[in-house]
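Each of the two complexes below includes chain A, the first together with chain B, the second together with chain C.
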Partner chain A sequence: MTTRVADRRPMILRVVMSSFLVLWLIVAAFPFLWTLWGSFKVEGDFFSKADWLNALTGPLTIAETGGSFTSSGYYGAWVQEEFWRAAMNSLTVVVCVVCISLTFGTLGGYALSRSPYRYAFWLLLISLVFRAMPPITLVSGYLLPFFEWNLWGHLPTAIIVLVAINQPFTLWMLTSFFRNIPKDLDESAMMDGCSRFQAFRHVIIPVMWPGVITTGLFSFLLAYNDFAVTAMLLSKENQTMIPKIASFLGTTQTKGNVMFAVSSVISVTAPLFLLVMFFQRQIVSGLTAGAVKG
Partner chain B sequence: MADIQLKGLSKRWGSFIGVKAMDLHIADGEFLVLLGPSGCGKTTTMRMIAGLEDATDGDILIGGARVNGLEPKDRDIAMVFQSYGLYPTMSVYENIRFPLKVRKIPQAEHHERVMRAATTVELTEFLDRKPAALSGGQRQRVALARAIVRKPKVFLMDEPLSNLDAKLRVSTRAQIKNLHHELKTTTIYVTHDQIEAMTLADRVVVMSKGVVQQVGTPLEIYDRPANTFVAGFIGNPAMNLLRGEIRGGVFEGRNVRIPGFSGAADGQVHLGFRAEDAAVAQAGEIAAPIYSLELLGDASMATVQAGESLVAIKAPKDFQGRIGEPLAAQIPASLCHLFDAQSGERLRWSAL
Partner chain C sequence: MKHKTFLWFFLPSGMAMFLFIAMPIVSVLTQSVYAPHEQVIREVENCTLFGCSKATQIDQEATRALRDAEPMGRFVGPSIYTDRNHLAFAEIAGIWRNASGLGDFFGQVTNLPFYDALSFTLTYTALVTPLSLAFGLIIALAVNALPQLFRGPVIFVSLLPMIVTPLVGALILFWMIDARGVLGAALQALAGDPGLSIKASTPLMWTMLIVYGVWSSAPFAFVIYYAGLQTVPGDTLESAMIDGASRWERIRYVILPHLLPLTTFMALIKIMDNFRVFEPIVSFSAGAHAKSLSYFIYSDLGGETRLLSSAAATSVLTIAGIIVLISPVLVRTWHAFGRVRA
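So, the complex of A and B:
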């Protein structure tokens, strides 16, 4: 190929396409960049009533701290308010939820995808109904028994509930990934000397990798971004990051706490960027149909 | 190396019968072809032998031992799939090595055995490639190499050539034939292609609707079809079949009158004969208008309309004729086959 498709397009079209993309990029990235910039200012600048441009130039920040940027928001959140504890809790919850969901999800999804019986379909359909329900409807029902059995407030409780909410979706998604893998693959592995489980482990899972990554990412996002379950079921010292940010916002009487929220929002978002960038290839191939075909 | 015995083997899904009470003995080292149209139960039979499908009834014995309840891996069978079933994440080398690895064969032997199998099917240049970077014929050979890398008791091949183009099919067919000659492993081969069956098989099993129609050498199946199904399935073109009546040793149908069936009982029959057994002549047992004419290269195929059936007659390649014109052909009774009008079973009569 000597000329790429893009080179053969008329000039005008290329200009329009490029400028649209640039515009789109600005619109999409603006909220994050604005918050990132503002998180290094004091509250009086970022939420300035006098002039919105203060958020960019930051006269109060210079007046109060002597520099045009301050990390006092980050210091306050991470050190003073012990946001690192929330980060550790989030990490525990997220890792456990992803690992447990994927373990049950791959095993169950594989079994359902290879099942010749009709109930497999109905099981999946019912699971989708549970997934469609807002998590809060389930949580309100959990509260009373958890109080009575003294389970409320602990991380494992929240993990179990999150896995339960998440599992239908992982099961559904992984089943459809497994269905794309031809049965011949399991069967030739079994003829070659594998048991059903060995065929699953040595042959199917390597082919499934993009699907597992994609599903894992979705479970990660659910656990990471969850507010309803973690806010209701965790005690203050076991709080994860999202409810912690909410609690920063909830106490606006004291100056500076809003900036704690802003800086922790940035702290929460940054890992997501890294994650998506790191697994980009797997996610794309996992989301493209037929990527896991043998 | 082992023989295989099927005793009353059946497969049913609800009321649907996949395979009906099949009895078969496959000798040690035999090349057996299961032949039939799609949905006739040939693949189901093979999958039951492999252990990928449970038998509803009956026994499967490999080397005298009943294997019904055994997992596929414990039956010591290798199988080549229609879609090859190669592992896309592994290189060709790892694909071929996989059976040795999972069966815990000593590491030291792996390389030598993989190389030997790869050499047999001429794959040594491609060992580092992934299956996706191979052509259909090369993938097929990887599947073959993976099957022969260990010494299984039985080979099963499920339409292994059907995804290849016509030219490659002929050469791979020869390769499979040669491989069987070398290894002398009992082989069961499933196909719907009668040419594959004829060229490869020691014995052919013709199946239809889950029932075995005939078991025999390719020649027996061709020369003495057991019923109208086999007659109408085997051969290209298939055997001509005409409805008619025997009376006093003379067959009479529309446009056809053949004397000489001296031992045959009177009554309604199907008459069958092969296109190449009839000869175009000035006058003969068949006289009917030409329906179509096809030049095959070495000969012409004339099709005439005898009553409601079309009858193919092989004519010399310089045969001239026009559609609609009458054509006469000779077909002696001794080259004809008679089948019962109701059951379609072959009728015996004294000339044969």
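So, the complex of A and C:
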């Protein structure tokens, strides 16, 4: 590839830009590496009053446990405090939310993309307003009815609520995706005698997967990262991972609890790390698709 | 598409949004004009040898019966909105009469809980939105100058702050900035003050929350600007060069106009996201120094006494606030649609 004339940059600018970039990369990555390293130390080292270098070398870790790394934080969180239960709950919630919101979203998004009427536009505009509302404002509307009808505290309740909160975004994304699939495709199938639903099933479903996977990634992130809904709507035994971490913080007086939080933070981040690694292209294209067509 | 078919396709999604977004708004609106029942007080006469005395006591049974019969509470009209914890009209009028100047007036008003939360939320939104966009643009320009080989890994690392759970990302930063953490220690050394602690200072806490905000939302701006830069028309750039445009002029007159539509889109999304700022305040346990509207609702809802009516009133005000903030976009979309249809 030859460099365009316009791409040539003066030396000094290149140096400034590169050093800025290096600085940004450190800012972006260093906190994660630091916490990962520190999660294998004891609290006295990770939060060292004496010398910050202790977090790297870990003299107290050696003194307390005999090795320079300890997995006691992980053991305490996963086994002692039953973080695995929270992880199972998170898994249930995330899988259900992604599946249900994609099912609802593809049907709805397809309909919105093929409807020429004004109400389709209004529905999109209303869902934009819904997207703008902070989830916690809705939570304060759920609590009283859910208490009254004994719906509070159960996983299915949180799942359907997250699906609903997820719908506006899913609809926007999938509508813009379906608009890019030529209308001729399903309309010609209908000419041949298919009903609208048959056309959707046999013609649209086979070609929709790239868009659905991208949207699914964002639904996954929403369900996985949620704190407001799951913290307020789930009972203690049904807690998912993020509220569980927050509950470790509430009781920091007990020694070692902070390290439980540190190790569970790493445990929560690891899957996200893998997600970005494998789906980087889809995430980037999903973010830009919304922006360019939005 | 026929109306009937549309209805069937849209039904599941529409029902979900109707039941769990539209209805809760109704529920919030009604709750905000009802207050919990007061305890039923009963007068009892205690008679002893020396005569009778009247005493009041709480009738637990009647209270419970009343609360079960009418779980909504008693109708109080807009009085929750105007009380001290929300719009506080009476208090503001009092402050207005007594304040020594405008600065003093605003200082006192922002001490009221609702205005305190509102002022932090607005400051956060107003600072983090443009800062993260500017930051994202610089990163995008820098990555665009990189050889192809390095771009993938750089994008990977840059995505991390955005993709990580907000509560978790904020915690990771908070532990480093803690007085016993690595950045906290570095700050103490820089300031030459070993007692320096973020947790003890309101301005430092606000700054840290804003730093977190920029850290976590700059990647979003970066990715979108980066994608936008790939589609900058090369011909226009070259002809600008031939016409003698300097590097800065090319950015100013070719690249920035090309990125403008993306900027409006991102500003919209970021205003929505920043206005709901919530998790970092939990992570930083910053409640004493900085409250956002979402955190205000959360702290009303949590705890032993669930102040549902107060939370509902704040929620209604918050929803009104965000609608006002995004109304320019709504109006513009509406007009744009009108043009397309006409």
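In this text, the second predicted complex is superposed on the first by the 248 of 294 C-alpha atoms of A that agree within 3 Å, B and C clash if a C-alpha of one lies under 4 Å from a C-alpha of the other, contacts with A are read in each partner's own complex, and residues count from 1 in each chain.
We adopt the following convention: a residue touches a chain if its C-beta (ideal position, glycine included) is under 8 Å from a C-beta of that chain, and two chains touch if they have at least 3 such contacts.
The structure displayed is predicted, hence computed values, not measured ones.
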Original post:
On chain A, which partner's contacts cover more residues, chain B's or chain C's?
Top reply: C
Original post:
Thinking of the overlay built on chain A, is A:L274 touched by chain B (first), by chain C (second), by both, or by neither?
Top reply: neither
Original post:
Is A:M190 contacted by the first partner chain B, the second partner chain C, both or neither?
Top reply: first
**OP:** Answer with first, second, both or neither: which of chain B and chain C does A:Q198 touch in the superposed model?
**Re:** first
**OP:** In the overlay, answer first, second, both or neither for which of chain B and chain C A:F32 touches.
**Re:** second
**OP:** Report for A:I12: first if it touches chain B alone, second if chain C alone, otherwise both or neither.
**Re:** neither
Original post:
Which parts of chain A are touched by chain B and by chain C alike?
Top reply: 294
Original post:
Once bound in the complex, which stretches of chain A touch chain C?
Top reply: 1, 4-7, 9-10, 13-14, 17-18, 20-21, 24-25, 27-29, 31-32, 34-35, 38, 46-49, 52, 55, 103-105, 107-112, 114-118, 120-121, 123, 125, 127-145, 147-148, 160-161, 163-165, 167-168, 170-171, 196-197, 200, 221, 224-225, 227-228, 232, 242, 245-246, 249, 261-262, 265, 268-269, 272-273, 275-277, 280, 283-284, 287-288, 290-292, 294
Original post:
Which positions of chain A touch chain B when the two form their complex?
Top reply: 182, 184-185, 187-195, 198, 202-203, 206-207, 209, 293-294
Subject >> Sites on chain C touched by chain A in the complex >> reply: 1-3, 5-6, 8-10, 12-14, 16-17, 19-21, 23-28, 31, 71-72, 138-139, 141-143, 145-146, 148, 152, 154-161, 163-168, 171-173, 175-176, 178, 180-182, 185-186, 215, 219-220, 223-224, 227-228, 234, 237-238, 240-241, 247, 250, 262, 265-266, 272, 275-276, 278-279, 282-283, 285, 293-294, 297-298, 300-302, 306, 308, 311-312, 314-316, 318-319, 322-323, 326, 330, 333-334, 337, 341
Subject >> Complex contact set, residues of chain B against chain A >> reply: 50-52, 71-73, 77-79, 81-90, 98-99, 102-103, 143, 146, 156
